[in-house]
């Protein structure tokens, strides 16, 4: 044995490799690191691990802000799949494609694996040292922290850190967020995010709210929708009417999709009120006054919806109550978006839905963990500050403004003006590339966190009014890369830089979280006498805990007095209205590097791996465009080139390009796929809230002469069944008897 | 007593026929026309067989046996192997479906027939054969060869008959 | 019109002429051989690439899971039919004009079958597991699925190939003996003396030879018909629109005879030119072959019409849609090309002057072959891209260069085998030409005798 | 393989399925009390693609990328089809009533056209009523796909795991160890999550009870946000799927459903391409659209 180097250590390593191949728990992947391998035999496995049998650990999905409760399926130390937590009032055991792709964010081959200082790998000690250096002598007001939606204990830590820095510059930015809606709801109902009860409504009229696709809490609304569509429900099968210029997934599932002229949603709402009045519904005086001028004929002219259609809709709404009227991003993305939303909210008041299908939601008893919701106005103010040179150190976490800010804001240039930019990132996305220091984050399946969703779904039954919940995100496996850290741990380390004493009892974020949770056992549904360990374990195994929320109240405060809805004006130079489409899987593009999402066809166009511009066949015929033509879409602020897709579900005055494509960085699956429509948006803002108005960009389309074969799932006959009678069959509601279905 | 072989070559069938009939009618010691006379010709010539007299051909029996065995074997093999997939139905069809099985039975019927016929041919025709002691390449060109086997004493007599009928060439060799 | 074979040609001359074709080849031969080898090289390269990377390089997709390979497979199977089938039928019918041409026609059968067999292999996704399709006994009692028309195919091709080879070989034994007697150098001497099996043309050998040849010929006729019927079953037994057609088996058999006859004409002309067989492959024989081809062309056209009409007047909307797609969709040029080459061009065979014109017949036979290849492609491809399920219809699938390369190379492979064969085995059957000449001269003598007798009788009167 | 077996059991070998057997569990050659079946409510289905992604996650489906997708080589066992109304005529689309979505996967036909044609017997009918695919046995003749009316069989045109590297490290760690990754040259298709049904069946057997609905969900069913997919044992009258089939008057063994005169035409259960007599195991419920608006 002396001649060769095959010593006991190597022997163990060999065993370790074999063990990894068969099954390896506890040590995860770290065994592959040289010199760190741990040989775990089946004999010493934790009692709950049976080789080949999956363990399920509850956690919380991080793919969108809905915060669905998930169960991670774990086999031999690897998380394989996210499944829904059946007890969750949010998703009730269900998942969406985006959520299922969370494992691909975790296992993504393009994750950042070490801290990078101007592109060079450094150690964490050095990275934290650099931050301390750079913050030295910088005033609190000169530090800005940019995040997306935040909630839970990470937010609490962030708040503490900002306090320590003496900075009030926490900007919460979401490129796609119902910010105008929140403001309008606050005005109309008294709460910014009431509980919508689609499942209780007999008719849902949605003004561009894609609640089945990408709006607020889609999996939860899908649950409600499933109830809503059941013919065996006491209310009978619900009727969904979707009013929007570009068909969303929800529009595709509507009984009637009304392709309204872009921007005229508010007008149509008032027109419906007017028609309701004519149909004999009692309309409050102020509303009647405001809607008086909106006769069906006038509205029809402005909105491109036939008089007959308006009257039919009014008749239906009058006949079938309760109903529910929703305002979505399609209606709010205008300079007069708040006005649109207010006008639409009036419908709920007129129809008496407030309190029936628009219910009060509860807010969280702990303000420091309550969600901070992102919007686009905050990016604008950060941008202004950066442009003015107000910020020397900028942190960013979970957002990618260099990608998603309109080019007109010149965010990238302004960002460069800050002296030191730190990005906490999983990927080297556009913002991380522009940053000086990139700190690699653990994935959502390796990290600890608590999540309080903004849209607070409640379980059925008594007590739902005051129901709030906090969801737990726990590691589903050992971390893949030893040099990544959770955001909580990083914030704790940064806090320790400032105030070592105060946080010295917490070794890591886990300790902090545990102690914070245990301190509030009672508020979190436990008893004071509960054993700490038992309570903690039970909480984690449940995945979420209910909290006694502060019940809000909805009121019909919607006022019609200051409604000012502009009529549409024709733009000669840029005659078409660009509607950036938010798809359920691509959202704002932060998940673009997950291959399942790229390969899963867009539900409506069935296109994969590229962006496209949807054009109404009539408009296309006028412009001489056929499917697959490469066209230039030009706005005042920019141009993109992409393939044309003729789409019947879009108003002839509108064209639509999906957002989330066109990354120049991020990873192998996202980079260079499609075109970035954010870049070409005009900087037009909602007059009341200051939100960037997404749908206010006028464009023109010109052919480039190139043509491609669009890569899509549908075949050459498109959506035609080619005369086949029994493939996807549709039947009129009065022709079937749904009441006896099981 | 030692035997000798004689090969005479002729230009056409008429001459050959005359020689053969004379040989058959002659009474030469140690020479039996049925066994010791072989006619070699460059082409298939039914008349040669005629004047040589009927000799039964048995290839057909091989054919019959081969074809029947092939067919039977095929059906048994196929049905039997299908029956071993006891609980795996295919396409809702019976586990042993008759019409599709008949197709392969038919193919094997023919395959067996052809193979065994050829085998029978080789056996009946005595092929592959050792070359006979006397052979002339002319036989495969355009001449008829008559090969006889006789005792030493009869050679002269035979030669006489051959020359009488204008043999082009006469070869002689000691038998083995 | 050229002369037929002379009755008074010396038999030795026949040997000399035919054996000359086995001697050192002309330059032209080498050129053809080299081109063929280059073509095979292309195919081998494509196949190695496809084998290593996967069938995807051929641009297959769902639903177009089959492509040119299967179409070309049927083409070669079809081409194989004329050789043996015609040889056997004409043999039974005592049509003596078959004798100078049947040898190469049978060789064509063998080699096109060998080419077709390769396409089955090339087509497979896991070529390295092809032995799974063999009914070998294994300890797991796993057998192939005998219900599958594809397995019938394999079995039928095997039967047909081996029977054809035997038929060809048996028929060549006397000629191989001639070779043995005349070629005394090198490896050939050994080869021929082995292959000739000691044939000496004895009466016993001839007696058994005749019955065997007849029996095998009798077997081959139904076999050949069944082989292409089974290939047709690959399609007719399936459920797909445009394939599920009762008339497919006769249609395929007719198509096979058709393409085989066309190929015989092509090879006839080539051999006649390359080996200077003008004495044996005479124009009257060409004329007879051409007439036969025309008759079969009309049968094929008729069956085509039946198929279209049956589809058109059936209630099978899906099959009708496939037909319309063929005639008007992106396959229209090929479809109408097939109709033109298969049903219009053959009328050129009716022109008496052209029937014996070598250049015209050469061009026409090539066109007919092209038409028959298109026919096979038009059977396979449109059904895939236009099946029952509209969602999966496909208008963009186009075979890649890999597929085309292998198809292209298969013609080289066939040519290569054929050219080599022609240098090893006499491509004109010497002994049967002798028989033909002998019988004709006998007949002539008889005729003369009759005339003489008549004259004598007249004189007597 | 033995002649005596053949002769003794001749009549059993001559049963056809499902028409002769009518799906009864007591037929000896079919020793199963399980028939997996599905029903999909198209009125609930929103076309969101969650089922399809779940299928990728559960069944180790390779992501083929844009170029191969463009060649139609995508490997989605579950695909969502999107149709438009064609009120104005074939090919003239009308979006007023939204789009129609149809999740399409292997229909697990009882008399599957794909099974008879496989030269090596790589695809068979299992005793629990599934159309199995034996990857190891497949030689890639693709005849099954050629004969599939629904075109739901997907072929591995490339060596996705090794040569095409569709799971670059560490993405490969997500692969489900309960089933294989497939190499080039084999056919694959939806298995009704065989790995899950198999476990459920074994568990039930161990516990000596019939399989219940709560024992197993397919990955697509589990994910479906609207619960449009119902899956279970059709032979168990208590299962939801059996109840649905029964209430919709859809019978497994009929190619033309003779629904009740009065009420039957107000039911919305149907099977796709039923008239070709493959006896598919998936029942769809027609999409309903309100005509009052």
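First chain written, first letter: the chains are A, B, C and D, and each begins at residue 1.
The definition used in the following text is that a residue touches a chain if its C-beta (ideal position, glycine included) is under 8 Å from a C-beta of that chain, and two chains touch if they have at least 3 such contacts.
Bear in mind that the values here come from a model prediction, so they are computed numbers and not experimental data.
Participant: Any chance you could check whether A-D or A-C wins on number of contacting C-beta pairs?
Facilitator: Between A-C and A-D, contacts are more numerous in A-D.
Participant: From the centre of chain A, which chain's CA centre is farthest?
Facilitator: That would be chain B.
Participant: Report the most central chain, judged by the distance from each chain's C-alpha mean to the global C-alpha mean.
Facilitator: Chain nearest the centroid of all protein C-alpha atoms: D.
Participant: Could you grab the centroid distance between chain A and chain D? Build each centroid from C-alpha atoms only and quote it in angstrom.
Facilitator: Once rounded, the distance between the two centres reads 32 Å.
Participant: Give, as an integer number of Å, the spacing between the C-alpha centres of chain C and chain A.
Facilitator: About 66 Å, centre to centre.
Participant: Could you put a whole-Å number on the gap between the CA centroids of chain B and chain C?
Facilitator: Each chain reduced to its C-alpha mean, chain B and chain C end up 30 Å apart.
Participant: Using Cα averages as centroids, what's the distance between chain A and chain B in whole Å?
Facilitator: Going by mean C-alpha positions, chain A sits 89 Å from chain B.
Participant: Enumerate the residues of chain D that touch no fewer than two other chains.
Facilitator: 1, 70, 74, 81, 83, 102, 113, 116-118, 121, 273
Participant: Could you check chain C for residues that touch two or more other chains and list them?
Facilitator: 141, 143, 145, 147, 151, 388-389, 391-392, 394, 396
Participant: Give the residues of chain A that touch two or more other chains, as numbers and ranges in rising order.
Facilitator: Touching at least two other chains: 709, 714, 717, 720-723, 727.
Participant: Per the touch rule above, enumerate the chain pairs that touch, sorted by label.
Facilitator: A-C, A-D, B-C, B-D, C-D
Participant: Can you check the complex and tell me which residues of chain D touch chain A?
Facilitator: My answer: residues 42-44, 46-50, 52-54, 56-58, 63-66, 69-70, 74, 76, 79-86, 90-91, 93-102, 166, 168-178, 219, 222-228, 240, 243-244, 247-248, 263, 266-268, 270, 272-274, 284-293.
Participant: Taking the complex as given, what residues does chain D use to touch chain B?
Facilitator: My answer: residues 1-3, 5-6, 9-10, 12-19, 29-31, 110-118, 121, 123-127, 279.
Participant: For the complex, give me every residue of chain C touching chain B.
Facilitator: Result: residues 10-12, 15, 135, 141, 143, 145-147, 151-152, 155-156, 158-159, 162-163, 166-167, 170, 173-174, 177-178, 181-182, 197-212, 215-216, 219-220, 222-223, 226, 230, 233, 431-432, 434-435, 438 of chain C touch chain B.
Participant: Please name which positions on chain A make contact with chain D in the complex.
Facilitator: Touch residues, chain A against chain D: 29, 52, 75-76, 78-84, 91, 93-97, 100-101, 103-104, 107-109, 212-213, 218-219, 222-223, 225-226, 229, 231, 237, 239, 241-242, 247, 249-257, 259, 312-313, 315-316, 480, 584-585, 595-601, 603-604, 606, 608-610, 617, 648-649, 668, 673, 709, 711, 713-714, 717-723, 726-738, 740-742.
Participant: Provide the residue numbers of chain B that touch chain C in the complex, in ascending order.
Facilitator: 38-46, 48-49, 52, 55, 57, 59-60, 63, 77-78, 81-82, 84-85, 90-91, 93, 97, 100-101, 103-104, 106-108, 110-111, 113-115, 117-118, 120-122, 124-132, 135, 137, 139-142, 145, 147
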